[in-house]
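Given below, in the form of structure tokens, are the structures.
Each of the next two complexes has subunit A plus one more chain, namely subunit B in the first and subunit C in the second.
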Partner chain A sequence: MELGPVARVWHQGVPEMNPIVALLIFPGGLFVLTLGLAYEWVDRKLLARAQNRVGPRWFQPLADVFKLLAKEEVIPNDVNPLLFVGLPIAALAGALTAALYVPIFGLAPAYSFEGDLIVTVYLLSLLTLCMGLAGANTLNRFALVGATRTLTQLFSYEAPFMLALLAPAFVAQTWQISAINSYASTHWLIVTQPIGFLVALIGLMGKLELPPFDAPEAETEIVAGAMTEYSGRGLALFRLGKGVEMVVGLTLVAAFYLGGIGGPLDFLLKTGALLIAIVIIQALMTRLRIEQTVGLWWRWGALLVLVQLLLYILWEVVTA
Partner chain B sequence: MSTNLVESVIEGLKTWARVNSPWVIHFNSGSCNGCDIEILATITPRYDLERFGIKLQGSPRHADVLICTGPVTRQARERLIRIYEQMPEPKFVIAVGSCALSGGVFDGLYNVAGGIDQVLPVAAYVPGCPPRPEAIIDGVVKLLSSLQQPAPETAPAREQGATQPVYEGEAI
Partner chain C sequence: MKQEPQKVITKKGERFIIPIGPQHPALKEPGHFEFAVDGETVTDATVRLGYVHRGIEKGVESRNWVQNLYMLERICGICSHTHAMTYCLGVEKLAAVEVPERAQVIRLIMAELERIHSHMLWLGVAAHEAGFDTLFMYTWRDRETVMDLLELLSGNRVNYSANLLGGVKFDISPEQADKIRQGLAFLAERNTHYLDVVMNDMLLLGRIRGVGVMTREQAEKLGAIGPTARASGVARDVRLDAPYGAYRTFKPKLILETAGDLEARFIVRLREIADSCRLINEALDNLPSGDLTVRMPRRIKEGETISRVEAPRGEAFYFIKSNGSDIPERIKVRTPTICNMGSVLALAKGHQLADMPMILVGIDPCFSCNDRMITLRRSDGEAETWSWGQLREYGIKAYQR
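Let's turn to the complex of A and B:
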């Protein structure tokens, strides 16, 4: 794997890690979970400041997760108990596995092969799919409506988001995340592909079901969406999974569009900047109805990214 | 010895998490809406309860604290009990407003079962008609600080929540 200049210096300083440690503690597993909670706190705190509030204390997401883990888990009647218990685990496992393929904290991905970009995008979708199935598994009408909306939204943002991540892959001539990362560290793709950057960032917001794309969990209409019947452990695992997905998604977008991720400082600065952008959009926008979300993605997101790809191909043909 | 230490650390962690992350659900069992409006005012940015980790939840499955307003009418009684039963353990009930405490001006009516404590074990009482948001916040904070103290020797009759009132403040 080729590394950028900063990354090379950083990696010389980091000794070779035991695979188990890398998988469970750092940079995978525990570290990603902590990072997810920290990013959730930054998100909530900044949103509170934007709304002229003081906002939660720094340990709030941690306290929420501990409390949920210590609570009773109610398994409702008429659900498949195996699915009910298993889906949160699968969702968190998918998000944690995806974290192994991206340059978390500026480290080289723990695992890397040609085509891992596709695997990562699918692993990120696993969380949303599990949430949809979890909602559809219960007989609660709010959960059913939430599940329908979750899956509808999945089908609307997934194609534009994937196209927006494929555009850098086309330019870098590779499907390997670490290779695209090192290509991007010398080419700021946000300059040459601004549309792709926007679609990727807003697609990430759709993936995380943040406002204005929070119709699947609209608490004023459908209680808590697909999560309505979940209590205790299941809810905690889904929340952790969402935090991890936020970190992985921000890392991917920052690595592809914001000049690559070469080290810890690079990682914190770039993902932090993206997080602030996401919070500003959240604070400014109100919730879109589900058909507005679908229309936005298919009428604008997908089309614009395709036009950008077409322009790139034309450019290649003309300059060749 | 070491297992005791681990257990006490885990118990301490659980209590800490419970005190710092109470998610509430709000149920009106026959109130005139005065208390409900005060509860809504309590969760606005002006009072910003997210500072204490308090979050309003729509689903009883996500909630730890049931905030009840109004006297319990005979029609709402079954619904109130059902909402309470849907909440996962451990759970607590806060009665907000004069009517929730005793039935208030509706006490003795043919269609009213009485205050909240006639139906559910209430952990904290917040008097007032309606209580100010500051009084409601005070009630919640007193309930939470009572969780940090060791459980009383006389065990509650029911397992769910505390049956003994921990807070009987003065009307504001």
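Let's turn to the complex of A and C:
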């Protein structure tokens, strides 16, 4: 695997720093975690303001993580302790690894190779998969139902979401995220592929289990869904993983559809705009039942993206 | 002691049960529901109530008539005025005392303000159960208006303590009346907006339209009352069927929907808010002059009576028996929730698990009001009654396990 430009710059510019730093501190690791917490705060605060609430203070997500880390992690009876402890770690690791392949903060990805888009999309699914397994690992009834719903939801949005991310790849003729990013910087794909943009954005909300796709953790039905038995460290890691996934997902959608990400300011503006869009959708909608979610994705999401793809292929044939 | 392994993975033929309660985020009060599910579909439902039994009916038998007014007002935190009013109406009937007209109208105004606040509270809770938190936050913000009006009149937000045996405690001044009118105008406007949201928001409709349908026959058979019954087309409203107090002069509109689903229950309650606003305005415009109280005897004549009042959730029923002393012989309270609880269990079957909280909340349940102690009599006529000592022993043993 070749080092990306950023890692190379770090490597050359600061001789005593090695790729480990790029992985653990900047632009991967700690930096992405911080960014994830910051985005979580913006999400919570804006949603609160939209709902006529005050919302949390700026350090609340960080404080939550510290509080959870300081608490005892209760491992329930009759679970596989290895899985119970390991799954949150795997989930966070997957999300953090995905961050290395996307242009976080407008810098070139730390690592890049042809086909890294597919790897990233699968790394993003790792979190959901881990949450589903974590729920199925415990014997809690709410967690079991939550796990079923999490995995059902995964299977419903994954294909349309993937297709929506592949559409720009087809246009750019490459499956390398950085190459699509540079192609997109001259082509605003949201104009030519509005359906793909919508499906990608809403698919991201499904991935993050944000309302209206929060059936897997609908508190009025199944308490906390798959996370019901988690407390302390495991819950903190899952939450951190979700924050990272939000940053990575927003970066991907912004890079592909909103004219690429050229620098830090570009990154903040575009992902910020997407975040606001997500908040508005969250505030306006009622939670969907799980079978409504599945129906929505397979009846509308997948079909519309496929139609868009067909149109694109037709266009290619006609112009050629 | 080592815990028994939890048995959740069911064998063939065994049912997978989702417990909701006694402690559950969907419930604001303890109740226990067990839903047997097949995947996401509910196949069976049972309920166990009684977690917040407070022994109020027994308590009133050792307090005098005036003390009981305060005791009974605390049966319910939402419809406190209703309980006090029902009690007062009954006792006044027993004592053959006619309450001044002005007091009766003030009671009506309080009762209708209470109905508005109860229905708005319900709207928020129902929206929250559906996962529509924005509507929840907005309705509860607007509900503060009616809470402020109640505080303006009585000084309290929850237990208004408006009633006295033989009248009411406070008057409504013209300035207060103006403030109420202003508040109601705002509420009526917001109410129109919420009605628009409930009837036109596609996603919300997806969760409430056609969900939990109770037909008119079912509603009559299950003995549903209040807005729950009216949403199924059952014309049942104590304020109209057996008018009491000022309702003889000021007539509420009978609000009926025929669909019987959750949407109909939303619409009935929202339109009742609008009608309550109209009724209060009418009452304020025609407030009779006169005294607020009449003198009540300390001892109530021997006899028994029933009194019924339309609470926000349906009919509240009191049976009051006096033996001629200053302490009642027996007061039996029946709150609306217990009548509607059967509909929850009947409607649950065949619905999605995700609909359960909504169907449950659809009747606007109030658990602590309806919890009762029941005495079981075996066929040999032996009543199983436990003494205090036995109960204590049982409690100690239960915690040692």
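Basically, the second predicted complex is superposed on the first by the 302 of 320 C-alpha atoms of A that agree within 3 Å, B and C clash if a C-alpha of one lies under 4 Å from a C-alpha of the other, contacts with A are read in each partner's own complex, and residues count from 1 in each chain.
As a convention for this text, contacts are C-beta pairs under 8 Å (C-beta built on N, C-alpha and C of every residue); 3 or more make two chains touch, one makes a residue touch a chain.
No experiment lies behind these values; they were computed from the predicted model shown.
Engineer: Looking at A:Thr228, would you say it contacts subunit B, subunit C, both, or neither? Reply first, second, both or neither.
Structural biologist: After superposition on chain A, A:Thr228 lies in contact with subunit B alone.
Engineer: Tell me the contact category for A:Lys71 with respect to subunit B and subunit C: first, second, both or neither.
Structural biologist: first
Engineer: Determine, under the contact definition given at the top, whether A:Phe59 touches first (subunit B), second (subunit C), both, or neither.
Structural biologist: In the superposition, A:Phe59 contacts subunit B only.
Engineer: Have a look at where A:Arg44 lands relative to subunit B and subunit C in the superposition and call it first, second, both or neither.
Structural biologist: A:Arg44: touches subunit B, not subunit C.
Engineer: Which holds for A:Glu219: it touches subunit B only (first), subunit C only (second), both, or neither?
Structural biologist: The answer is both, since A:Glu219 touches subunit B and subunit C.
Engineer: Return first, second, both or neither, reflecting whether A:Ile290 touches subunit B, subunit C, both chains, or no partner chain.
Structural biologist: In the superposition, A:Ile290 touches subunit C alone.
Engineer: Now for A:Thr174: first (subunit B), second (subunit C), both, or neither, which partner does it touch?
Structural biologist: A:Thr174 sits against neither subunit B nor subunit C.
Engineer: Identify the partner contact of A:Ser112: answer first if only subunit B is touched, second if only subunit C is, both if each is, neither if none is.
Structural biologist: neither
Engineer: Which residues form the common part of the subunit A surface touched by subunit B and by subunit C?
Structural biologist: Subunit A residues touching both partners: 51-53, 142, 219, 223.
Engineer: Would you tell me which residues of subunit A are touching subunit B in their complex?
Structural biologist: 44, 48, 51-57, 59-60, 63-67, 70-74, 142, 219, 223-224, 227-232, 235
Engineer: How about subunit C: which of its residues touch subunit A in the complex?
Structural biologist: 3, 5-6, 8-9, 16-19, 24-26, 37, 39-40, 127-134, 137-138, 141, 201, 203-204, 206-207, 352-357
Engineer: Under the stated contact criterion, what part of subunit A meets subunit C in this complex?
Structural biologist: 50-53, 77-78, 139-142, 144-145, 148, 211-212, 214-215, 218-223, 283-292
Engineer: Contact residues on subunit B for subunit A in the complex?
Structural biologist: 13-14, 16-18, 20-21, 45, 48, 50-51, 53, 57-59, 61-62, 64, 86, 88-90
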